[in-house]
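A, B, C and D are the chain letters, set down in written order, and residue numbers restart from 1 in every chain.
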Amino acid sequence: MSAVLVHDAYGKSLVRLTKVTRHADRHELKELAVDIQLEGEFAAAYTAGDNSRLVATDTMKNTVYALAKGHPLRDIESFGQTLARHFLDNNAHVASARIHIVEHAWRRIEVQGRDHPHAFLGGGAEKRTMTVSLTRQGLHIESGIDDLLLLKTTDSAFRGFLRDRFTTLPETDDRIFATILKADWLYGPDAADWNDCHRTIRQALLETFAQHKSLGVQQTLFAMGVAALASCPQIEEIRIAMPNKHRLLVNLQVFGMENANEIFVATDEPHGLITGTMRRGQ
Amino acid sequence: MSAVLVHDAYGKSLVRLTKVTRHADRHELKELAVDIQLEGEFAAAYTAGDNSRLVATDTMKNTVYALAKGHPLRDIESFGQTLARHFLDNNAHVASARIHIVEHAWRRIEVQGRDHPHAFLGGGAEKRTMTVSLTRQGLHIESGIDDLLLLKTTDSAFRGFLRDRFTTLPETDDRIFATILKADWLYGPDAADWNDCHRTIRQALLETFAQHKSLGVQQTLFAMGVAALASCPQIEEIRIAMPNKHRLLVNLQVFGMENANEIFVATDEPHGLITGTMRRGQ
Amino acid sequence: MSAVLVHDAYGKSLVRLTKVTRHADRHELKELAVDIQLEGEFAAAYTAGDNSRLVATDTMKNTVYALAKGHPLRDIESFGQTLARHFLDNNAHVASARIHIVEHAWRRIEVQGRDHPHAFLGGGAEKRTMTVSLTRQGLHIESGIDDLLLLKTTDSAFRGFLRDRFTTLPETDDRIFATILKADWLYGPDAADWNDCHRTIRQALLETFAQHKSLGVQQTLFAMGVAALASCPQIEEIRIAMPNKHRLLVNLQVFGMENANEIFVATDEPHGLITGTMRRGQ
Amino acid sequence: MSAVLVHDAYGKSLVRLTKVTRHADRHELKELAVDIQLEGEFAAAYTAGDNSRLVATDTMKNTVYALAKGHPLRDIESFGQTLARHFLDNNAHVASARIHIVEHAWRRIEVQGRDHPHAFLGGGAEKRTMTVSLTRQGLHIESGIDDLLLLKTTDSAFRGFLRDRFTTLPETDDRIFATILKADWLYGPDAADWNDCHRTIRQALLETFAQHKSLGVQQTLFAMGVAALASCPQIEEIRIAMPNKHRLLVNLQVFGMENANEIFVATDEPHGLITGTMRRGQ
């Protein structure tokens, strides 16, 4: 029997970088986790144990720290590009570099109503993310938001769905809508201010979620995607995943009480998972 | 051989409650996880399988939902007391009830600069906690904060520590100080406004962390405890645990670069763990 | 601005099923977590809130339990197919169903050297997995193993890799090789005994890992894939991902001790991540 | 206001140690996570920033690796004592050392039916644990088991429990009993073979769980504790915690099907939590 290697990639994951930029009047803090994956002429390492073309993953880790030293880190998108270009520019046998960065947010501690110059508290579960895919042919940049918990207590219905012999779910005009948003948007060829786009798209997603009269998670997801595309002309496409983190009405009637949409149990398992990709129309 | 049962307790954990209070102009949202543990005359269940005095843990779960219906849930401390009293008042054979509640925070989504009346986003990893211990003899109420990430980029030194043959750590005048705060404070007999106390103590902890010129985690922890006690006269004692979530300076000299306290690697393992309990002096 | 929906899918995740089959002399236990994702004519739900073609995700959950009742559950691959076919057979507007199942293993407790007929202990982190993708055009079945921890204490070198200005890693002839295996193999059109194949492939992966004189993770990964393909003629392709869970030699020289490859620190972050896909040659 | 420090302790957590002992014919592998907590005359560090008596937690970490070099690591109990004694013997101002060790099990890979000399696979979620508390007055050694998943499909009833107005749980003669065992036993003054005791106690716990005709989790927990005490004369006391990881019968009647105790949904939240401490009688 013979076997052929039809695909391969390797790299370093979870390179955790903290950078402090020390201005006279305040410090800037960035905390990132960087994943690197390279593709290229690495087959000999797999098939023959010939490592001569392997950039050691330990070297990739070092590269993150060394390049972070000279980079302003204003946004993760430009740092991701710097990293990707480094691997292609310095290694003719590397065909593509994929850099994925997760940024963990910190907020300044307020002391007597004013932002402290060098003390921070954790910014929560929400993460800003970025994936650069650089090949010899071109560059793709996707940015995103992950783990953003959203919940609305009304303006959410679910009616008129298909009923079959296994359907027991009652229709409802007013349920809690809770989710953990993941959204990834693809930038087009025009230059973008990554921080502005992130802020604008995030706000469009939040406002649409809040204000939408939802007939279903699918409909709200689409409305959010449309709003995101409208908010930032530099993006071409947005992909959204929204689990339905159910809050189930508790039956209080057995205790002689009415539950007027007040008392719920939150469940993580099982959960719905709704996804959609929206692209700018012509 | 004979064996005796020298201690026993049982209950229900992770009862997840969502309560929505629907005012005309806005909705209030509370999300809690409730743990219940009872002690009392339950030995026969252990030694003889006689369950006649066991409150089923399923009944405890139902009780959380039923009592939440009639409770305003302005603060978790009063709801915890209501739950604890229920179990003692209705069961003469229950000697003590311990109710532990974790509150997961939600913030309102801002739409065009104004808080939305019924749409929320997740408040982050930080939790507000509370433990009521009610016996036939008395009541203890502890409140707390958990999983509050804190980081300061300067004003933190660590010098003059004991050196032995296994010591390799260099002294430093300027390191990053990062931690995940857990603090629990014990209320005295005087009535307290639990929400005010939580807010005041939290702010005292944050401000002290930010402004302290730290000579070590121990010293900052003590200063934070002192400030907390000073901020809220109703508390008698505060217990603080602060892991030292190290940010290690990366050696860039091997690449011919200077690392002027700029580039760090964040590590979770191993971590220091510093604890202290401070009590109001006489 | 106009926006178009270019892709959509939805379903239910983490439907946790326990099935007990009660034979006269012993009980069989299966514990699964099932994810379902459907594609089809669902666009109206997204763009117009028209839910009339939506199979509610709650109905999907019910379907798992109802179909599990009549299914022997001898292997997850056949149950996955039954579920996928159900959704396509009963819904002309469903174009594809993707069923992903994770099986959590249980082993029988040994009592006086013999397997107990109805008492079990947890089988560990390792999971057996399966993904069926059924469309109107055809069927793909992938099976796999996930979270299988592997470690060898010798027969692992890493030498001759590329060195650039950021390389500091020394070459080594003898290091610990630790990983958490994920492998997924694609079945060809011929009928397979899924349980036999799983057992055979798993053993081939384990034996090859154990016996390979590794010149690098890449080389061992390829050898393992080749062995898996050789062990089971019914599979066409195998995809393997192996993180390099580093065990770093501790420097004991500073304490006047020699570390003869004995004392290591285990780290989770950062970690190498090596992937490869091997296909049966012609 | 004045505040006093009424308790303090500090140390290092999650020091991850891998030790390989290289015999001619086979390698032994131990992987541990060590937590150290010291108490003593450390108040000046808290109240005055005087670190002169602080053993740096980094030094504690180094100490684990250095002492592991010279220790056979046959069992974690003796290594824990070695560590504890080190801190008291070398620091007159240290009043107590508490060492907690978690051992992650590895099993040998079988190759052609025989244990491989140096290749291992992960031993599962179950952990062996140990806590030594050493003071100038004496020594306490507790050993334990954690995260041991257990499930029996029959011989488990729950009847005759107290019913109040919030009780809805039906009585049952035959339910699934699933738990994640945590057990900790206290050794008496007589020398013990720690590995033998661990093996014997574990087997007693498993066999009793399997064979007990359970009238409730409490009764089974007590029986397991009694059996553990009987199995190993060197222990004086055992503390057991058993969450009730519910498997709930799925209602299939709505689909016209009977569910003869076959189809269940596994839930993690909420869960019962039953604890008990058993001591050897006189």
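We adopt the following convention: a contact is a pair of C-beta atoms (placed from the backbone, for glycine too) under 8 Å apart; a residue touches a chain by one contact, two chains touch by 3 or more.
A quick note: this is a predicted structure, and the numbers were derived from the prediction, not measured.
Participant: Please give the intersection of the contact partners of chain B with those of chain C.
Facilitator: Output, common partners of chain B and chain C: A, D.
Participant: Kindly point out which of C-D, B-C or A-C repeats the A-B interface, defined as over half of the contact pairs being the same residue numbers.
Facilitator: Overlap exceeds half of the contact pairs only for C-D.
Participant: Determine, using the mean of C-alpha atoms as each chain's centre, which chain is farthest from chain B.
Facilitator: It is C whose centre lies farthest from that of chain B.
Participant: Of the chain pairs B-D and A-D, which one is connected by the greater count of C-beta contacts?
Facilitator: So, comparing the two chain pairs, more contacts are at B-D.
Participant: On a C-alpha centroid basis, what's the spacing between chain C and chain D, in Å?
Facilitator: Spacing between the chain centres: roughly 29 Å.
Participant: In whole angstrom, what separates the CA-based centres of chain B and chain D?
Facilitator: Computed from C-alpha means, the inter-chain centre distance equals 24 Å.
Participant: Just the number, please: Cα centre separation of chain A and chain D in whole Å.
Facilitator: One centre to the other, that is 37 Å.
Participant: Going by the contact rule already set, what residues in chain D reach two or more other chains?
Facilitator: 16, 62, 66, 166, 168, 255, 267-269 - these are the residues of chain D that touch more than one other chain.
Participant: Could you pull out which chain A residues touch chain B in their complex?
Facilitator: 16-22, 27, 29, 31, 62, 65-66, 68-69, 106, 109-112, 116, 118-126, 148-155, 176, 206-207, 209-211, 247, 250, 252, 255, 257, 259-267
Participant: Given the complex with chain B, which residues does chain D contribute to the contact?
Facilitator: By the definition above, chain D touches chain B via 1-16, 35, 37, 42, 45-59, 61-63, 66, 90-91, 158-164, 166-169, 214-219, 221-222, 225-226, 229-230, 237, 239, 243-244, 268-282.
Participant: Using the touch rule from the top, collect the residues of chain D that touch chain A in their complex.
Facilitator: Contacts found on chain D: 165-166, 168, 254-255, 267-269.
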